[in-house]
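Each of the next two complexes has subunit A plus one other chain: subunit B in the first, subunit C in the second.
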Partner chain A sequence: MHYAVSSGASVTLPPLMEAKDVSHAYGSANLFAKGHRNFVLENISIAVTERQTLGVVGESGSGKSTLSRLLLGLETPTSGRVLRYGDPMPAPGSQAWKAMRQKMQMVFQNPYASLDRRMNILDQVAEPLCIHALATPKEAREQARAYLARVSFPPHLMGYRPDKLSGGQLQRVVIARALVTQPEFVVCDEPVASLDVSVQAQVLELLESLKAELGLTMVFVSHDLNVVSYVCDSIAVMHRGRIVEYGPAKQVFAAPLHPYTQLLLESAPGSGVPVMENKEDVTVSMGTGCRFQARCRYKQPACSGNIPPALRPFPQKRAVACFNPLSEL
Partner chain B sequence: MSQPLLQIQSFSVSFGAFRVLNNIHLTLAPGESLALVGESGSGKSVLARSIIGCAGAGARQEGTVLFRETNLTSASDQTLTSLRGGKISLMLQDALSALNPLYTIGRQMMETIALKHPAFAKGAGRAWKGFGRSDKPALRAMALELLHEAGMDRAEECFHAFPHQLSGGMCQRVMLALALAGEPDLLIADEPTTALDVVVQKQILHRLTQNVRARRAALLLISHDLHLVSEFTDRIAVLYAGQIMETGPTRKLLANPRHPYTRGLLEAMPKANTPKGSLRPIAGEVPAPWERDQGCLFRGRCPKALAGCALPPQEYVVENGWASFCGQLPHTTIPHAPSGGGPAYALCS
Partner chain C sequence: MPASVLCATVTLIFLLVAALLADLISPYTPEGTNLLARLKPPFPLAGSSLSHFLGTDELGRDILSRVLYGMRISFLIACAGTVAGMTLGVFLGFLAAHKRGLVDDAVLMLIDFNASLPFIIIALAILAFFGSGLTIIISIMAIYGWDRYARLSRNLARAALTEGYASSLQTLGAGAPRIYVRHIFPNIAGMLIVNMTLNFPGTILLETSLSFLGVGVQPPMTSLGMLLGFGRDYLTSAWWIAVIPGTIIVAATLSISLLGDFVQNQLDGVTQRN
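Now for the complex of A and B:
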């Protein structure tokens, strides 16, 4: 089950962020079944190497957002460990945790909802610097102005409140706010999902250039495969709380190994592949083999056994969790 | 071409002082599917809702919308009520908020069928008085059939479920079944799959287009995704800030768009094999309704804009059924003319 993504050279530094056998459960919302827990992530092992962009794709409810919250240390996993440079994450709320927070930031999906509508743009971007006591308010505004300029935000709008601005402008503000503390690790959770096509490209290009300029490491969560393949170096495909495929973006998109990845690629708008009429996804209870079996067109008896397929390494730094990966068919 | 089903002529819609749709011309023949593509704020949803007279109390409409012989802009409430959900049906984006949370799917289906299905509906615009006991088995059978048709695997289970017990994809299938309940001649689908993931999206659109085609109904598919409409529609109209920029046969137009805006959109959209750094964003933002005038509204962001663009854009006929509203086109050689006649943009394999 254990799978190291970084190459096996003995001198390699531990990756920036790493999840080892991480499982995470949320307690049941049902008052009368308090003991029951819903596992949203199961045995996830993944590493994010420095200056790389990891794309996380999967349908809604596959655990993409939970994984990014765990990597940011916003939640502690139910079991397993999240490591930063090989060290365990400090406890949430502790002094060390607060210090670490400034090094990792998040860009949220909906810029309209993630900005304070009663605060002007400049102050919102300056606020993280004041929270982390990195600058005096005056210096903080100075730096905020510089970062807003860097994301090509028009200077004459900096004193405005968010309701006066368009979605594209607001998403630039959110990006500037995430970068102002000079983080090394940024999680972008569907950063362009709420933007128009013409503006989406502006934001993608901006992220790309900032990443090169500031040496950022990014996790990019999205359901748009075209966007992910454009932005990311490597990709993790998630399905029902498990990573079903991992590998360099180019290879995964060119020749998927897992049938679910194949289905996703065929379903992408403009793929030109005719629709495979698929069954509605039936909930497969935990522990009864592969969770994709109900929709899989290559299903075999082993798939419904008791053991779920483990994520096993493949050549070219790839990995797949399938009993009969597509390359072997 | 046969008699058009829907004819929209010199149609404009204003809210207060702001004109959100300006001089729209569109026709739709029976059996045809037309994509209405545009970014947010381009007025595509307003256009869809205006067709069935649901654009809101503050909307001021000019021009005509002819559905067969009926002018919908001046039609009485009673006529509109009988058309809505019957001959013209609208499928909305957010299924969960479009369904009634207090009633089971089955009840909502039966209600719609009783009111709108030609075999059951008695009298146009009749107020809902509840089911007659004798109707129930027939209504139920019809509801199950429609759910099956919409691609629902376990229609029986779904019939007794409440909306919150179904997934987004299942709810959207129920919406499709409801939209088909009145056997519409025109189905307007306003971003029917935006909130769904790609696998379900494709399945539902496939069902939808198949169904519409089989019944020779017309489809107006509203979307912001050019890749998506290229797979599912015959014709396309590109809307920007309330103006039509370009309209023509979907695949031909998207392979060799003539309008700078359509080209800009295609260059801004990443595809699976787009190399890094090759995206060309369109600079600037969509003009707000109060910044709009009579000229070409794209000129503020257009790389080819000249002084003449401040005049209302003229129609430039590229070929029969393909028109582009760019003032520069008559004076220029075909932009991006592909050498050897191949497409300049390979959108779809």
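Now for the complex of A and C:
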């Protein structure tokens, strides 16, 4: 690994993770339908600075999981670049890529599916250390025990297999497994979506305290703006493969600029507003105008023009991709 | 455990122990002829003697000894063939799941090719080309069963690699050997075992058919199928030469099938409870 070391006095460090004009398409695997490509991300640019937490919000199909996979280097974008400390990511499967894996971890949505049901908890948490040869099996178990204790996992259950445990307990296991190699960058993909509401709060509090204690840089993917605003410093709202709004979490949450963000906030459980029906036809080719126009209550003639709105900067480090942002109405 | 399964288990253990101990318990050598005691019927029938408990064949060879040694060869071929078939199938299945794309297509085509031809034709073609022999016959048994293991392991591995524990291991940086050998294989072992028990009777029957046709095991080696094949010339005059090995084949295959069904039901129960 090489870093562009500059001997200059005032150097602004590049962000830990950065996506530059990234687009990603999933090609058809069918032998008879080659060439058909489905773009799930288009021209995404975003940066995650050290010790910050970025929230990525959007409904299902908005491309948020794909973005997190690209940031983790699990896939290579179709076009654009993903940079880590300003350097390009190594190719998946290469030696450098394998070494990088211990520094970048992921917490999955469904803890039950992401654990091996035939292996006991302690061994599974110790496994990342064995994979990267960071410890002997015995030391690995010791460290795993320490991390399981740190996430408040009951010690007497460490020898059990996953099917004996609850969702909240399993998510603690997954978190401990993600942290045991002391990563610098952690992506949480809907970490609480499959949990009961009462357990959600506990797991969020745990993540919040771990983040501060271990100095983690995180990307927090969720469809739930309330959850994101609780843990995140900044928020990127995604809609059909594009970032439509970006800004500091508190401000986005308090005064959304994009009508889609407003809709997400209103349709959150407990707000009392009925969820607006999704009338968008995702199969329609995305060519003309704003992609949100079908559901937008502030739609104007310009919105169905030829050019979709670009993400343009706004005061207070915010940005929005809308012809008529809410603050200007 | 139902009585039928218990019965099957006891029968199977009895047959396996008998086959393993053939050297110790068989009263004669399987090739030893005794022209003074030809075509003796099995024990309680008229003209039988206790010295040839299950009777003798047209050359005066002791049927009990021949069946014991025949069982040994038949079971060896079936076991080795099943294990070799599973190894081949699981390897190709994992390879297809791991490499995807063209490799996946190629393996799937091979599976379909194997499944679409009557296997006896493939077996006869191989025997015609390479001649007969224990290794060749075991290889044929492996080719007979590999496709089902391959399909099973490919599909289960793919499921784990896209949605499950295996994909999370990939993000942890685990290499392919660790993922496949330490995680996916133990997870699908139950289903492989069920498939093995379902495949096993078919393997025994295939060996029987080949030997019956005279292209399987060659003398002086004996197998159950060969005994059955030789016995057919004397079906009207000395039925026991064919019926006794035939009964053993039925007992062995039926027991394994019953046991396989039972294991499968147990595993289904476990999966449903999860």
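To be clear about the criterion, the second predicted complex is superposed on the first by the 301 of 329 C-alpha atoms of A that agree within 3 Å, B and C clash if a C-alpha of one lies under 4 Å from a C-alpha of the other, contacts with A are read in each partner's own complex, and residues count from 1 in each chain.
Operating definition for what follows: a residue touches a chain if its C-beta (ideal position, glycine included) is under 8 Å from a C-beta of that chain, and two chains touch if they have at least 3 such contacts.
Because the structure is predicted, anything quoted here is derived from the model rather than measured.
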Request  = Identify whether subunit B and subunit C fit side by side or clash on subunit A in the overlaid structures.
outcome  = fit
Task = Between subunit B and subunit C, pick out the one touching the greater number of residues of subunit A.
result = B
Request  = Scan A:Leu204 for contacts with subunit B and subunit C and give back first, second, both or neither.
outcome  = first
Query = With the two structures laid over each other on chain A, which partner does A:Ser267 touch: subunit B (first), subunit C (second), both, or neither?
reply = first
Query = Of the partners subunit B and subunit C, which touch A:Leu115 in the superposed model: first, second, both, neither?
reply = second
Task = Answer with first, second, both or neither: which of subunit B and subunit C does A:Pro90 touch in the superposed model?
result = neither
Message = Taking the superposition on A as described, I'd like to know which of subunit B and subunit C A:His132 touches: first, second, both or neither.
response = second
Task = Give me the angle at the C-alpha centre of subunit A between the C-alpha centres of subunit B and subunit C, rounded to the nearest 10 degrees.
result = 80
Note = Min C-alpha distance, subunit B to subunit C, superposed, in Å, is 14
Request  = Using the touch definition up top, name the residues of subunit C that touch subunit A in the complex.
outcome  = 100-101, 105, 163-165, 167-175, 178, 183, 186-187, 274
Ask   = Touching subunit A in the complex: which residues of subunit B?
value = 39-40, 151-154, 168-170, 197-199, 201-203, 206, 224-228, 230-231, 264-265, 267-274, 276-277, 279-283, 285-286, 301, 347-349
Ask   = Which residues, counting only subunit A, touch subunit C once they are in their complex?
value = 29, 31, 72, 74, 98-102, 105-106, 108, 113-119, 127-128, 131-132, 163, 174, 177
Remark   = Contacts from subunit A onto subunit B in the complex sit at residues 59-60, 166-169, 196-202, 204-205, 208, 223, 225-227, 229-230, 253, 263-265, 267-272, 275, 277-280
